[in-house]
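Structures for review follow.
What follows is chain A paired twice: with chain B in the first complex and chain C in the second.
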Partner chain A sequence: MKVSDLVEKLELEVYSGENGLSNLVTGGYTSDLLSDVMGHASENQVWITLQTHKNVMAVASLKDLAAVILVKGFKPDADMEAESNTHNIPVLGTKQEAFEISGKLYGIIGKF
Partner chain B sequence: MNHFRADLHIHTVLSPCGDLEMSPMNIIKTAVEQKLDIIGITDHNSTLHGPLIRRLGKENNIYVLTGAEVTTREEVHCLTFFENDKMLGIFQEYLDFHLPNIRNKPSVFGYQVVVDENDNIMKEIKPLLITGINQSIEDVENKVHELGGIFIPAHVNKQLNSILANLGFLPPGLKADGYEVTGDVADFLSKHREFSGATILKNSDAHQLNFIGKNHNIFEIEQPDFDEIKMALHHINNRRLTLI
Partner chain C sequence: MDFKYTIEGGDFSRAGHASSDVKKLLKQLNIDNQLIKRIVVALYEAEVNIVAHAKNGVIDVSILPDQVFIKLTDQGPGIKDINLAMQEGYSTASQKVREMGFGAGMGLPNMKKNADKLNIESTPGVGTTVELTTFIQ
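Here is the complex of A and B:
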(Lines of atoms letter the chains of each structure in order from A and count residues from 1; the text may use other names and numbers.)
(Lines give C-alpha, C1' and ligand atoms only; values in the text may rest on other atoms or scores of the structure.)
Protein backbone atom coordinates (compact mmCIF):
# COMPACT_ATOMS: atom_id res chain seq x y z
CA MET A 1 0.00 0.00 0.00
CA LYS A 2 1.19 3.52 -0.75
CA VAL A 3 0.84 6.72 1.24
CA SER A 4 -1.47 8.07 -1.46
CA ASP A 5 -3.84 5.10 -0.88
CA LEU A 6 -4.04 6.04 2.81
CA VAL A 7 -4.71 9.67 1.96
CA GLU A 8 -7.69 8.53 -0.08
CA LYS A 9 -9.04 5.88 2.31
CA LEU A 10 -8.63 7.93 5.50
CA GLU A 11 -9.49 11.27 3.85
CA LEU A 12 -6.28 12.89 5.00
CA GLU A 13 -5.06 16.39 4.34
CA VAL A 14 -1.67 16.60 2.55
CA TYR A 15 0.41 19.47 3.98
CA SER A 16 3.83 18.78 2.47
CA GLY A 17 6.29 16.23 1.12
CA GLU A 18 4.13 15.39 -1.92
CA ASN A 19 7.09 13.68 -3.59
CA GLY A 20 6.81 10.96 -0.97
CA LEU A 21 3.17 10.08 -1.66
CA SER A 22 4.30 6.92 -3.44
CA ASN A 23 6.25 5.71 -0.35
CA LEU A 24 5.42 2.15 0.64
CA VAL A 25 3.40 1.69 3.86
CA THR A 26 3.62 -1.54 5.86
CA GLY A 27 2.44 -0.48 9.31
CA GLY A 28 1.96 2.30 11.79
CA TYR A 29 3.37 3.69 15.04
CA THR A 30 1.56 6.04 17.42
CA SER A 31 3.62 8.07 19.91
CA ASP A 32 4.35 11.65 20.93
CA LEU A 33 7.76 11.02 22.46
CA LEU A 34 10.37 11.37 19.73
CA SER A 35 12.91 9.32 21.68
CA ASP A 36 10.41 6.46 21.78
CA VAL A 37 9.90 6.65 18.01
CA MET A 38 13.67 6.77 17.48
CA GLY A 39 13.99 3.60 19.51
CA HIS A 40 11.00 1.59 18.38
CA ALA A 41 9.43 2.64 15.07
CA SER A 42 10.30 0.61 11.96
CA GLU A 43 10.93 1.38 8.33
CA ASN A 44 7.87 2.13 6.17
CA GLN A 45 5.58 2.77 9.10
CA VAL A 46 3.25 5.75 9.22
CA TRP A 47 3.79 7.80 12.40
CA ILE A 48 0.71 9.20 14.13
CA THR A 49 1.46 12.12 16.49
CA LEU A 50 0.44 15.55 17.73
CA GLN A 51 4.01 16.91 17.68
CA THR A 52 4.53 19.61 15.06
CA HIS A 53 8.21 20.31 15.76
CA LYS A 54 10.83 20.11 12.99
CA ASN A 55 12.65 17.33 14.88
CA VAL A 56 9.75 15.04 13.90
CA MET A 57 10.98 15.04 10.30
CA ALA A 58 14.58 14.28 11.27
CA VAL A 59 13.39 11.27 13.27
CA ALA A 60 11.07 10.18 10.44
CA SER A 61 14.00 10.37 8.03
CA LEU A 62 16.33 8.52 10.41
CA LYS A 63 13.84 5.66 10.72
CA ASP A 64 12.84 5.71 7.02
CA LEU A 65 9.19 6.20 7.89
CA ALA A 66 6.62 6.44 5.10
CA ALA A 67 4.69 9.49 6.33
CA VAL A 68 3.56 11.42 9.40
CA ILE A 69 -0.09 11.95 10.30
CA LEU A 70 -0.86 14.91 12.57
CA VAL A 71 -4.00 14.44 14.66
CA LYS A 72 -6.75 16.76 15.97
CA GLY A 73 -6.36 19.27 13.16
CA PHE A 74 -2.78 20.18 14.11
CA LYS A 75 -0.75 21.74 11.31
CA PRO A 76 3.01 21.42 10.82
CA ASP A 77 5.28 24.29 11.88
CA ALA A 78 6.84 26.04 8.87
CA ASP A 79 10.24 24.44 9.44
CA MET A 80 8.65 21.00 9.84
CA GLU A 81 6.97 21.48 6.47
CA ALA A 82 10.27 22.48 4.86
CA GLU A 83 12.04 19.42 6.31
CA SER A 84 9.21 17.20 5.08
CA ASN A 85 9.80 18.45 1.53
CA THR A 86 13.56 17.98 1.86
CA HIS A 87 13.20 14.38 3.03
CA ASN A 88 10.25 13.51 0.75
CA ILE A 89 8.26 12.29 3.72
CA PRO A 90 4.68 13.57 3.54
CA VAL A 91 3.05 15.32 6.49
CA LEU A 92 -0.63 14.44 6.48
CA GLY A 93 -3.42 15.64 8.73
CA THR A 94 -6.75 14.63 10.19
CA LYS A 95 -9.23 16.21 12.59
CA GLN A 96 -9.58 12.88 14.38
CA GLU A 97 -7.80 11.94 17.59
CA ALA A 98 -4.87 9.50 17.71
CA PHE A 99 -7.09 6.68 19.03
CA GLU A 100 -9.55 6.89 16.16
CA ILE A 101 -7.08 7.32 13.32
CA SER A 102 -4.80 4.61 14.71
CA GLY A 103 -7.78 2.23 14.85
CA LYS A 104 -8.72 3.00 11.28
CA LEU A 105 -5.15 2.63 10.05
CA TYR A 106 -4.89 -0.71 11.86
CA GLY A 107 -8.13 -1.79 10.22
CA ILE A 108 -6.70 -1.05 6.78
CA ILE A 109 -3.20 -2.44 7.03
CA GLY A 110 -3.17 -4.54 10.19
CA LYS A 111 -0.04 -5.26 12.16
CA PHE A 112 3.10 -6.43 10.43
CA MET B 1 37.38 36.11 40.72
CA ASN B 2 35.10 35.00 43.55
CA HIS B 3 33.29 31.71 44.00
CA PHE B 4 29.56 31.53 44.60
CA ARG B 5 27.47 28.43 45.28
CA ALA B 6 24.33 28.29 43.17
CA ASP B 7 21.27 26.04 42.99
CA LEU B 8 19.15 27.35 40.13
CA HIS B 9 16.17 25.00 40.16
CA ILE B 10 13.92 25.36 43.19
CA HIS B 11 10.12 25.09 43.34
CA THR B 12 7.94 26.86 45.86
CA VAL B 13 4.56 26.01 47.36
CA LEU B 14 3.07 27.67 44.25
CA SER B 15 3.99 24.63 42.16
CA PRO B 16 1.29 22.01 42.70
CA CYS B 17 3.97 19.41 43.42
CA GLY B 18 5.87 21.80 45.71
CA ASP B 19 5.72 20.88 49.39
CA LEU B 20 3.59 23.16 51.59
CA GLU B 21 6.75 23.98 53.59
CA MET B 22 8.29 25.57 50.48
CA SER B 23 7.31 29.11 51.44
CA PRO B 24 9.49 32.05 50.36
CA MET B 25 10.78 32.55 53.91
CA ASN B 26 11.59 28.86 54.46
CA ILE B 27 13.38 28.65 51.13
CA ILE B 28 15.61 31.61 51.98
CA LYS B 29 16.32 30.26 55.49
CA THR B 30 17.28 26.88 54.03
CA ALA B 31 19.42 28.49 51.34
CA VAL B 32 21.31 30.35 54.10
CA GLU B 33 21.75 27.09 56.05
CA GLN B 34 23.02 25.37 52.93
CA LYS B 35 25.52 28.22 52.38
CA LEU B 36 24.12 28.97 48.95
CA ASP B 37 24.91 32.39 47.48
CA ILE B 38 22.65 32.24 44.44
CA ILE B 39 19.31 30.47 44.03
CA GLY B 40 16.90 30.19 41.10
CA ILE B 41 13.16 30.20 41.74
CA THR B 42 11.44 28.14 39.08
CA ASP B 43 7.80 27.30 39.63
CA HIS B 44 5.90 25.54 36.87
CA ASN B 45 4.64 28.13 34.38
CA SER B 46 4.51 30.89 36.98
CA THR B 47 6.79 33.65 38.22
CA LEU B 48 4.51 34.95 40.96
CA HIS B 49 6.73 34.15 43.95
CA GLY B 50 9.76 35.75 42.31
CA PRO B 51 9.59 39.36 43.50
CA LEU B 52 9.01 38.46 47.19
CA ILE B 53 11.81 35.88 47.27
CA ARG B 54 14.14 38.30 45.48
CA ARG B 55 13.50 40.84 48.25
CA LEU B 56 13.87 38.30 51.08
CA GLY B 57 17.06 37.08 49.42
CA LYS B 58 18.48 40.59 49.33
CA GLU B 59 17.86 40.97 53.07
CA ASN B 60 19.73 37.70 53.69
CA ASN B 61 22.61 38.19 51.28
CA ILE B 62 21.35 35.69 48.73
CA TYR B 63 21.11 36.61 45.07
CA VAL B 64 17.83 35.31 43.66
CA LEU B 65 17.33 34.58 39.98
CA THR B 66 13.60 34.85 39.34
CA GLY B 67 11.78 33.14 36.54
CA ALA B 68 9.81 29.96 35.87
CA GLU B 69 10.14 26.40 34.71
CA VAL B 70 8.14 26.59 31.52
CA THR B 71 6.43 23.54 30.01
CA THR B 72 6.55 24.05 26.25
CA ARG B 73 4.00 22.75 23.74
CA GLU B 74 6.23 19.70 23.26
CA GLU B 75 6.03 19.21 27.05
CA VAL B 76 9.73 19.98 27.44
CA HIS B 77 10.68 21.73 30.70
CA CYS B 78 12.89 24.83 30.40
CA LEU B 79 14.28 27.10 33.12
CA THR B 80 13.89 30.81 32.41
CA PHE B 81 15.25 33.80 34.36
CA PHE B 82 14.76 37.55 34.11
CA GLU B 83 16.80 40.42 35.39
CA ASN B 84 14.13 42.49 37.09
CA ASP B 85 10.48 42.58 38.11
CA LYS B 86 9.50 44.50 34.98
CA MET B 87 10.78 41.80 32.61
CA LEU B 88 9.39 39.15 34.94
CA GLY B 89 5.98 40.82 34.77
CA ILE B 90 6.01 40.88 30.97
CA PHE B 91 6.91 37.19 30.92
CA GLN B 92 4.12 36.43 33.41
CA GLU B 93 1.62 38.04 31.02
CA TYR B 94 3.00 35.84 28.23
CA LEU B 95 2.53 32.73 30.42
CA ASP B 96 -1.00 33.77 31.42
CA PHE B 97 -1.91 34.29 27.78
CA HIS B 98 -0.61 30.92 26.58
CA LEU B 99 -1.51 28.66 29.53
CA PRO B 100 -4.58 26.53 28.75
CA ASN B 101 -7.40 27.10 31.21
CA ILE B 102 -7.60 23.63 32.76
CA ARG B 103 -8.74 23.85 36.37
CA ASN B 104 -6.38 22.38 38.95
CA LYS B 105 -7.68 19.52 41.11
CA PRO B 106 -5.75 20.05 44.36
CA SER B 107 -6.63 16.58 45.72
CA VAL B 108 -4.68 15.07 42.82
CA PHE B 109 -1.99 17.61 41.92
CA GLY B 110 -1.62 19.63 45.14
CA TYR B 111 -2.43 23.23 46.02
CA GLN B 112 -1.14 26.16 43.96
CA VAL B 113 -0.92 29.07 46.36
CA VAL B 114 0.84 32.41 46.55
CA VAL B 115 1.87 33.28 50.12
CA ASP B 116 3.38 36.33 51.81
CA GLU B 117 6.57 36.51 53.85
CA ASN B 118 4.73 35.29 56.94
CA ASP B 119 3.37 32.25 55.09
CA ASN B 120 -0.17 33.66 54.91
CA ILE B 121 -2.01 32.46 51.80
CA MET B 122 -2.71 35.47 49.59
CA LYS B 123 -4.14 33.80 46.53
CA GLU B 124 -4.93 30.38 45.06
CA ILE B 125 -4.11 29.92 41.38
CA LYS B 126 -6.96 28.07 39.66
CA PRO B 127 -5.60 26.91 36.28
CA LEU B 128 -3.34 23.85 36.46
CA LEU B 129 0.23 25.13 36.13
CA ILE B 130 1.98 21.95 34.99
CA THR B 131 0.33 21.61 31.57
CA GLY B 132 2.13 22.64 28.39
CA ILE B 133 1.65 26.23 27.27
CA ASN B 134 0.63 26.78 23.69
CA GLN B 135 4.13 27.79 22.53
CA SER B 136 6.96 25.77 21.03
CA ILE B 137 10.37 25.49 22.67
CA GLU B 138 11.71 27.90 20.03
CA ASP B 139 8.88 30.37 20.73
CA VAL B 140 9.74 30.33 24.44
CA GLU B 141 13.48 30.67 23.78
CA ASN B 142 12.82 33.66 21.50
CA LYS B 143 10.56 35.34 24.04
CA VAL B 144 13.04 34.86 26.90
CA HIS B 145 15.92 36.28 24.87
CA GLU B 146 13.78 39.16 23.59
CA LEU B 147 13.36 40.11 27.26
CA GLY B 148 17.10 39.78 27.91
CA GLY B 149 16.58 36.64 29.95
CA ILE B 150 18.37 33.34 30.49
CA PHE B 151 17.10 30.13 28.87
CA ILE B 152 18.22 26.72 30.19
CA PRO B 153 16.48 23.50 29.10
CA ALA B 154 15.88 21.53 32.32
CA HIS B 155 17.01 17.96 33.12
CA VAL B 156 17.74 17.28 29.43
CA ASN B 157 18.42 13.60 30.06
CA LYS B 158 15.31 12.75 32.09
CA GLN B 159 12.91 10.15 30.70
CA LEU B 160 10.06 12.63 30.59
CA ASN B 161 9.56 16.35 30.01
CA SER B 162 13.01 16.73 28.52
CA ILE B 163 14.56 17.68 25.19
CA LEU B 164 16.05 14.24 24.68
CA ALA B 165 12.92 12.27 25.62
CA ASN B 166 10.32 14.45 23.96
CA LEU B 167 12.25 15.82 20.98
CA GLY B 168 14.73 12.97 20.50
CA PHE B 169 17.79 15.18 20.17
CA LEU B 170 18.93 18.78 20.46
CA PRO B 171 16.90 20.87 17.97
CA PRO B 172 19.35 22.57 15.59
CA GLY B 173 19.41 26.32 16.02
CA LEU B 174 18.07 26.41 19.58
CA LYS B 175 20.01 29.07 21.50
CA ALA B 176 20.29 27.84 25.06
CA ASP B 177 22.42 29.61 27.69
CA GLY B 178 23.19 26.24 29.29
CA TYR B 179 21.72 22.80 29.83
CA GLU B 180 20.72 21.21 33.09
CA VAL B 181 21.73 17.57 33.42
CA THR B 182 20.50 14.98 35.92
CA GLY B 183 22.80 12.31 37.36
CA ASP B 184 26.32 11.51 36.19
CA VAL B 185 27.49 14.37 33.96
CA ALA B 186 30.65 12.62 32.68
CA ASP B 187 28.60 9.60 31.67
CA PHE B 188 26.03 11.88 30.02
CA LEU B 189 28.68 13.76 28.03
CA SER B 190 30.32 10.53 26.88
CA LYS B 191 26.97 9.41 25.42
CA HIS B 192 25.93 12.80 24.06
CA ARG B 193 28.85 14.38 22.25
CA GLU B 194 26.59 17.09 20.87
CA PHE B 195 26.66 18.70 24.34
CA SER B 196 30.46 18.83 24.60
CA GLY B 197 31.57 22.43 24.90
CA ALA B 198 28.12 23.51 26.14
CA THR B 199 27.63 24.88 29.64
CA ILE B 200 26.23 22.14 31.86
CA LEU B 201 24.48 22.79 35.17
CA LYS B 202 23.41 20.50 37.97
CA ASN B 203 20.63 21.68 40.25
CA SER B 204 18.45 20.18 42.95
CA ASP B 205 15.00 20.57 41.33
CA ALA B 206 13.92 20.80 44.96
CA HIS B 207 10.23 20.36 45.76
CA GLN B 208 10.99 19.89 49.47
CA LEU B 209 13.19 21.94 51.79
CA ASN B 210 15.70 19.17 52.47
CA PHE B 211 16.54 18.94 48.76
CA ILE B 212 17.63 22.57 48.41
CA GLY B 213 21.32 22.71 47.60
CA LYS B 214 21.59 18.94 47.17
CA ASN B 215 23.12 19.66 43.79
CA HIS B 216 24.78 22.95 43.06
CA ASN B 217 27.21 24.76 40.78
CA ILE B 218 30.04 27.17 41.47
CA PHE B 219 29.95 30.49 39.65
CA GLU B 220 33.38 32.07 39.28
CA ILE B 221 32.39 35.72 38.90
CA GLU B 222 33.13 39.16 40.37
CA GLN B 223 29.86 39.52 42.24
CA PRO B 224 26.47 37.82 41.99
CA ASP B 225 24.42 39.80 39.52
CA PHE B 226 22.53 39.02 36.34
CA ASP B 227 25.19 40.13 33.87
CA GLU B 228 27.99 38.32 35.70
CA ILE B 229 25.93 35.11 35.76
CA LYS B 230 25.19 35.47 32.05
CA MET B 231 28.88 35.99 31.32
CA ALA B 232 29.76 32.87 33.31
CA LEU B 233 27.24 30.80 31.36
CA HIS B 234 28.95 31.89 28.15
CA HIS B 235 32.54 31.77 29.47
CA ILE B 236 33.09 35.46 28.81
CA ASN B 237 35.82 37.58 30.47
CA ASN B 238 37.16 34.65 32.49
CA ARG B 239 33.82 34.17 34.17
CA ARG B 240 32.81 30.54 34.33
CA LEU B 241 30.75 27.91 36.00
CA THR B 242 32.05 24.68 37.45
CA LEU B 243 30.24 21.62 38.68
CA ILE B 244 30.77 20.06 42.08
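Here is the complex of A and C:
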Protein backbone atom coordinates (compact mmCIF):
# COMPACT_ATOMS: atom_id res chain seq x y z
CA MET A 1 0.00 0.00 0.00
CA LYS A 2 1.16 3.52 -0.75
CA VAL A 3 0.91 6.71 1.30
CA SER A 4 -1.51 8.08 -1.31
CA ASP A 5 -3.85 5.11 -0.67
CA LEU A 6 -3.93 6.03 3.03
CA VAL A 7 -4.62 9.67 2.22
CA GLU A 8 -7.65 8.56 0.25
CA LYS A 9 -8.96 5.89 2.63
CA LEU A 10 -8.45 7.88 5.84
CA GLU A 11 -9.33 11.25 4.26
CA LEU A 12 -6.06 12.84 5.35
CA GLU A 13 -4.86 16.34 4.62
CA VAL A 14 -1.51 16.56 2.80
CA TYR A 15 0.62 19.40 4.21
CA SER A 16 3.97 18.71 2.57
CA GLY A 17 6.33 16.13 1.07
CA GLU A 18 4.05 15.38 -1.90
CA ASN A 19 6.93 13.67 -3.71
CA GLY A 20 6.77 10.94 -1.10
CA LEU A 21 3.11 10.06 -1.64
CA SER A 22 4.21 6.95 -3.54
CA ASN A 23 6.24 5.70 -0.53
CA LEU A 24 5.41 2.12 0.45
CA VAL A 25 3.55 1.66 3.76
CA THR A 26 3.80 -1.61 5.68
CA GLY A 27 2.64 -0.56 9.15
CA GLY A 28 2.38 2.21 11.70
CA TYR A 29 3.80 3.46 14.98
CA THR A 30 2.04 5.80 17.39
CA SER A 31 4.18 7.81 19.84
CA ASP A 32 5.06 11.36 20.87
CA LEU A 33 8.48 10.41 22.26
CA LEU A 34 11.25 10.75 19.69
CA SER A 35 13.55 8.21 21.31
CA ASP A 36 10.71 5.69 21.44
CA VAL A 37 10.29 6.04 17.69
CA MET A 38 14.07 5.94 17.17
CA GLY A 39 14.28 2.73 19.15
CA HIS A 40 11.17 0.90 18.03
CA ALA A 41 9.67 2.11 14.74
CA SER A 42 10.57 0.29 11.54
CA GLU A 43 11.25 1.28 7.96
CA ASN A 44 8.14 2.08 5.87
CA GLN A 45 5.90 2.64 8.87
CA VAL A 46 3.64 5.66 9.22
CA TRP A 47 4.29 7.67 12.39
CA ILE A 48 1.21 9.02 14.19
CA THR A 49 2.03 11.91 16.57
CA LEU A 50 1.11 15.35 17.87
CA GLN A 51 4.69 16.67 17.63
CA THR A 52 4.91 19.38 14.96
CA HIS A 53 8.58 20.42 14.92
CA LYS A 54 11.37 19.67 12.45
CA ASN A 55 13.13 17.12 14.67
CA VAL A 56 10.25 14.77 13.85
CA MET A 57 11.43 14.81 10.24
CA ALA A 58 15.04 14.14 11.27
CA VAL A 59 13.88 11.00 13.08
CA ALA A 60 11.50 10.01 10.26
CA SER A 61 14.29 10.36 7.73
CA LEU A 62 16.87 8.47 9.82
CA LYS A 63 14.36 5.63 10.29
CA ASP A 64 13.19 5.66 6.62
CA LEU A 65 9.57 6.09 7.66
CA ALA A 66 6.88 6.37 4.98
CA ALA A 67 4.97 9.39 6.31
CA VAL A 68 3.93 11.30 9.44
CA ILE A 69 0.29 11.80 10.44
CA LEU A 70 -0.42 14.75 12.78
CA VAL A 71 -3.49 14.22 14.95
CA LYS A 72 -6.19 16.48 16.44
CA GLY A 73 -5.88 19.07 13.68
CA PHE A 74 -2.28 19.99 14.54
CA LYS A 75 -0.39 21.63 11.69
CA PRO A 76 3.35 21.28 10.99
CA ASP A 77 5.75 24.13 11.79
CA ALA A 78 7.16 25.78 8.66
CA ASP A 79 10.58 24.18 9.16
CA MET A 80 8.94 20.76 9.60
CA GLU A 81 7.24 21.21 6.21
CA ALA A 82 10.55 22.23 4.64
CA GLU A 83 12.32 19.15 6.01
CA SER A 84 9.43 16.97 4.87
CA ASN A 85 9.88 18.28 1.32
CA THR A 86 13.66 17.79 1.47
CA HIS A 87 13.34 14.17 2.57
CA ASN A 88 10.25 13.32 0.49
CA ILE A 89 8.41 12.13 3.59
CA PRO A 90 4.85 13.46 3.53
CA VAL A 91 3.35 15.21 6.56
CA LEU A 92 -0.35 14.39 6.68
CA GLY A 93 -3.09 15.52 9.03
CA THR A 94 -6.38 14.49 10.57
CA LYS A 95 -8.77 16.05 13.08
CA GLN A 96 -9.10 12.67 14.81
CA GLU A 97 -7.26 11.67 17.97
CA ALA A 98 -4.31 9.26 17.92
CA PHE A 99 -6.40 6.35 19.27
CA GLU A 100 -8.99 6.69 16.54
CA ILE A 101 -6.67 7.15 13.56
CA SER A 102 -4.32 4.41 14.82
CA GLY A 103 -7.28 2.04 15.02
CA LYS A 104 -8.36 2.86 11.50
CA LEU A 105 -4.82 2.47 10.16
CA TYR A 106 -4.52 -0.88 11.94
CA GLY A 107 -7.81 -1.92 10.38
CA ILE A 108 -6.47 -1.17 6.91
CA ILE A 109 -2.96 -2.59 7.07
CA GLY A 110 -2.66 -4.47 10.36
CA LYS A 111 0.51 -4.77 12.39
CA PHE A 112 3.74 -5.83 10.76
CA MET B 1 38.28 6.83 6.89
CA ASP B 2 37.77 9.57 9.45
CA PHE B 3 35.10 12.24 9.66
CA LYS B 4 34.56 15.01 12.18
CA TYR B 5 31.49 17.00 13.15
CA THR B 6 31.06 19.82 15.63
CA ILE B 7 27.84 20.10 17.63
CA GLU B 8 26.45 23.24 19.23
CA GLY B 9 24.66 22.74 22.54
CA GLY B 10 21.04 23.88 22.55
CA ASP B 11 20.73 24.10 18.76
CA PHE B 12 17.83 21.69 18.18
CA SER B 13 17.33 22.98 14.64
CA ARG B 14 20.48 21.08 13.63
CA ALA B 15 20.02 18.04 15.86
CA GLY B 16 20.44 14.93 13.76
CA HIS B 17 22.48 16.53 10.97
CA ALA B 18 25.63 14.60 11.82
CA SER B 19 23.67 11.34 12.12
CA SER B 20 22.04 11.96 8.77
CA ASP B 21 25.40 12.65 7.15
CA VAL B 22 26.97 9.52 8.65
CA LYS B 23 24.01 7.46 7.41
CA LYS B 24 24.64 8.72 3.85
CA LEU B 25 28.35 7.95 4.13
CA LEU B 26 27.75 4.40 5.37
CA LYS B 27 25.26 3.81 2.55
CA GLN B 28 27.81 4.97 0.00
CA LEU B 29 30.30 2.52 1.51
CA ASN B 30 27.77 -0.31 1.07
CA ILE B 31 27.69 -1.14 4.77
CA ASP B 32 24.90 -3.62 5.57
CA ASN B 33 21.56 -1.84 5.91
CA GLN B 34 20.67 -3.43 9.26
CA LEU B 35 24.02 -2.33 10.68
CA ILE B 36 23.49 1.20 9.39
CA LYS B 37 20.11 1.33 11.14
CA ARG B 38 21.64 0.31 14.47
CA ILE B 39 24.56 2.73 14.15
CA VAL B 40 22.23 5.59 13.26
CA VAL B 41 19.92 4.99 16.27
CA ALA B 42 22.86 4.96 18.71
CA LEU B 43 24.54 7.97 17.09
CA TYR B 44 21.36 10.05 16.93
CA GLU B 45 20.73 9.53 20.64
CA ALA B 46 24.29 10.52 21.49
CA GLU B 47 24.12 13.56 19.20
CA VAL B 48 20.83 14.72 20.73
CA ASN B 49 22.28 14.32 24.22
CA ILE B 50 25.03 16.81 23.36
CA VAL B 51 22.43 19.25 21.98
CA ALA B 52 20.15 18.79 25.00
CA HIS B 53 22.74 18.86 27.77
CA ALA B 54 26.18 20.14 26.72
CA LYS B 55 27.70 23.48 25.70
CA ASN B 56 29.30 21.99 22.65
CA GLY B 57 30.82 18.79 21.40
CA VAL B 58 32.74 16.97 18.70
CA ILE B 59 31.86 13.73 16.93
CA ASP B 60 34.73 11.69 15.48
CA VAL B 61 33.69 8.88 13.16
CA SER B 62 36.25 6.26 12.10
CA ILE B 63 35.20 3.73 9.48
CA LEU B 64 37.60 0.79 9.65
CA PRO B 65 37.52 -2.51 7.73
CA ASP B 66 36.09 -4.42 10.71
CA GLN B 67 34.22 -1.75 12.66
CA VAL B 68 32.65 1.67 12.79
CA PHE B 69 34.01 3.56 15.81
CA ILE B 70 32.31 6.77 16.90
CA LYS B 71 33.59 8.98 19.69
CA LEU B 72 31.53 11.87 21.00
CA THR B 73 33.30 14.32 23.28
CA ASP B 74 31.45 17.21 24.90
CA GLN B 75 32.05 20.10 27.23
CA GLY B 76 29.10 20.09 29.56
CA PRO B 77 27.68 19.19 32.94
CA GLY B 78 28.81 15.58 32.80
CA ILE B 79 26.92 12.62 34.25
CA LYS B 80 27.08 12.23 38.05
CA ASP B 81 25.92 8.62 38.21
CA ILE B 82 26.31 6.71 34.93
CA ASN B 83 24.55 3.57 36.24
CA LEU B 84 21.52 5.64 37.18
CA ALA B 85 21.58 7.41 33.81
CA MET B 86 21.58 4.02 32.05
CA GLN B 87 18.21 3.15 33.61
CA GLU B 88 15.27 3.42 31.25
CA GLY B 89 13.10 6.38 32.18
CA TYR B 90 15.80 8.32 34.05
CA SER B 91 16.31 11.80 32.62
CA THR B 92 17.64 15.19 33.66
CA ALA B 93 16.27 16.96 30.58
CA SER B 94 14.57 20.34 30.95
CA GLN B 95 10.80 20.75 30.65
CA LYS B 96 11.25 22.53 27.29
CA VAL B 97 13.24 19.61 25.90
CA ARG B 98 10.65 17.12 27.21
CA GLU B 99 7.79 18.97 25.56
CA MET B 100 9.48 18.37 22.22
CA GLY B 101 9.31 14.65 22.88
CA PHE B 102 12.92 14.29 23.97
CA GLY B 103 14.15 13.52 27.48
CA ALA B 104 12.11 10.37 28.05
CA GLY B 105 15.10 8.58 29.52
CA MET B 106 15.42 6.24 26.56
CA GLY B 107 18.55 7.63 24.92
CA LEU B 108 21.25 5.72 26.76
CA PRO B 109 19.26 2.44 26.72
CA ASN B 110 18.83 2.90 22.94
CA MET B 111 22.60 3.38 22.59
CA LYS B 112 23.31 0.26 24.63
CA LYS B 113 20.86 -1.82 22.62
CA ASN B 114 22.13 -0.70 19.25
CA ALA B 115 25.91 -0.45 19.66
CA ASP B 116 28.05 -3.56 20.02
CA LYS B 117 30.16 -1.73 22.57
CA LEU B 118 29.21 1.36 24.57
CA ASN B 119 31.76 3.12 26.73
CA ILE B 120 30.91 6.25 28.71
CA GLU B 121 33.31 8.32 30.72
CA SER B 122 32.27 11.49 32.45
CA THR B 123 33.62 14.13 34.77
CA PRO B 124 30.86 16.18 36.43
CA GLY B 125 31.28 19.85 35.61
CA VAL B 126 33.69 19.14 32.76
CA GLY B 127 32.08 16.87 30.17
CA THR B 128 31.35 13.44 28.83
CA THR B 129 32.94 11.09 26.31
CA VAL B 130 30.81 8.41 24.67
CA GLU B 131 32.32 5.68 22.49
CA LEU B 132 30.10 3.63 20.22
CA THR B 133 31.61 0.62 18.49
CA THR B 134 29.81 -1.43 15.86
CA PHE B 135 31.52 -4.43 14.31
CA ILE B 136 31.18 -5.11 10.61
CA GLN B 137 30.80 -8.83 9.97
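The definition used in the following text is that the second predicted complex is superposed on the first by the 112 of 112 C-alpha atoms of A that agree within 3 Å, B and C clash if a C-alpha of one lies under 4 Å from a C-alpha of the other, contacts with A are read in each partner's own complex, and residues count from 1 in each chain.
Basically, a residue touches a chain if its C-beta (ideal position, glycine included) is under 8 Å from a C-beta of that chain, and two chains touch if they have at least 3 such contacts.
Since this is a predicted model, take the numbers as computed values, not measurements.
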item	value
First, second, both or neither for A:Asn55, with chain B first and chain C second	both
First (chain B), second (chain C), both or neither touched by A:Leu34	both
Which of chain B and chain C A:Lys9 touches, first, second, both or neither	neither
Chain B or chain C, by number of chain A residues touched	C
Which of chain B and chain C A:Lys104 touches, first, second, both or neither	neither
Intersection of the chain A residues that touch chain B with those that touch chain C	32-36, 38, 51, 53-55, 58-59
Complex contacts: residues of chain C adjacent to chain A	12-13, 15-17, 19-20, 23, 37, 40-41, 44-45, 48, 100-102, 104, 106-107, 109-110, 113-114
Partner chain B, residues of chain A touching it in the complex	32-38, 51-55, 58-59, 77
Complex contact set, residues of chain B against chain A	73-75, 136-137, 164-169, 171
Touching residues (chain side chain A, partner chain C) in the complex	32-36, 38-39, 43, 49, 51, 53-56, 58-59, 61-63, 79
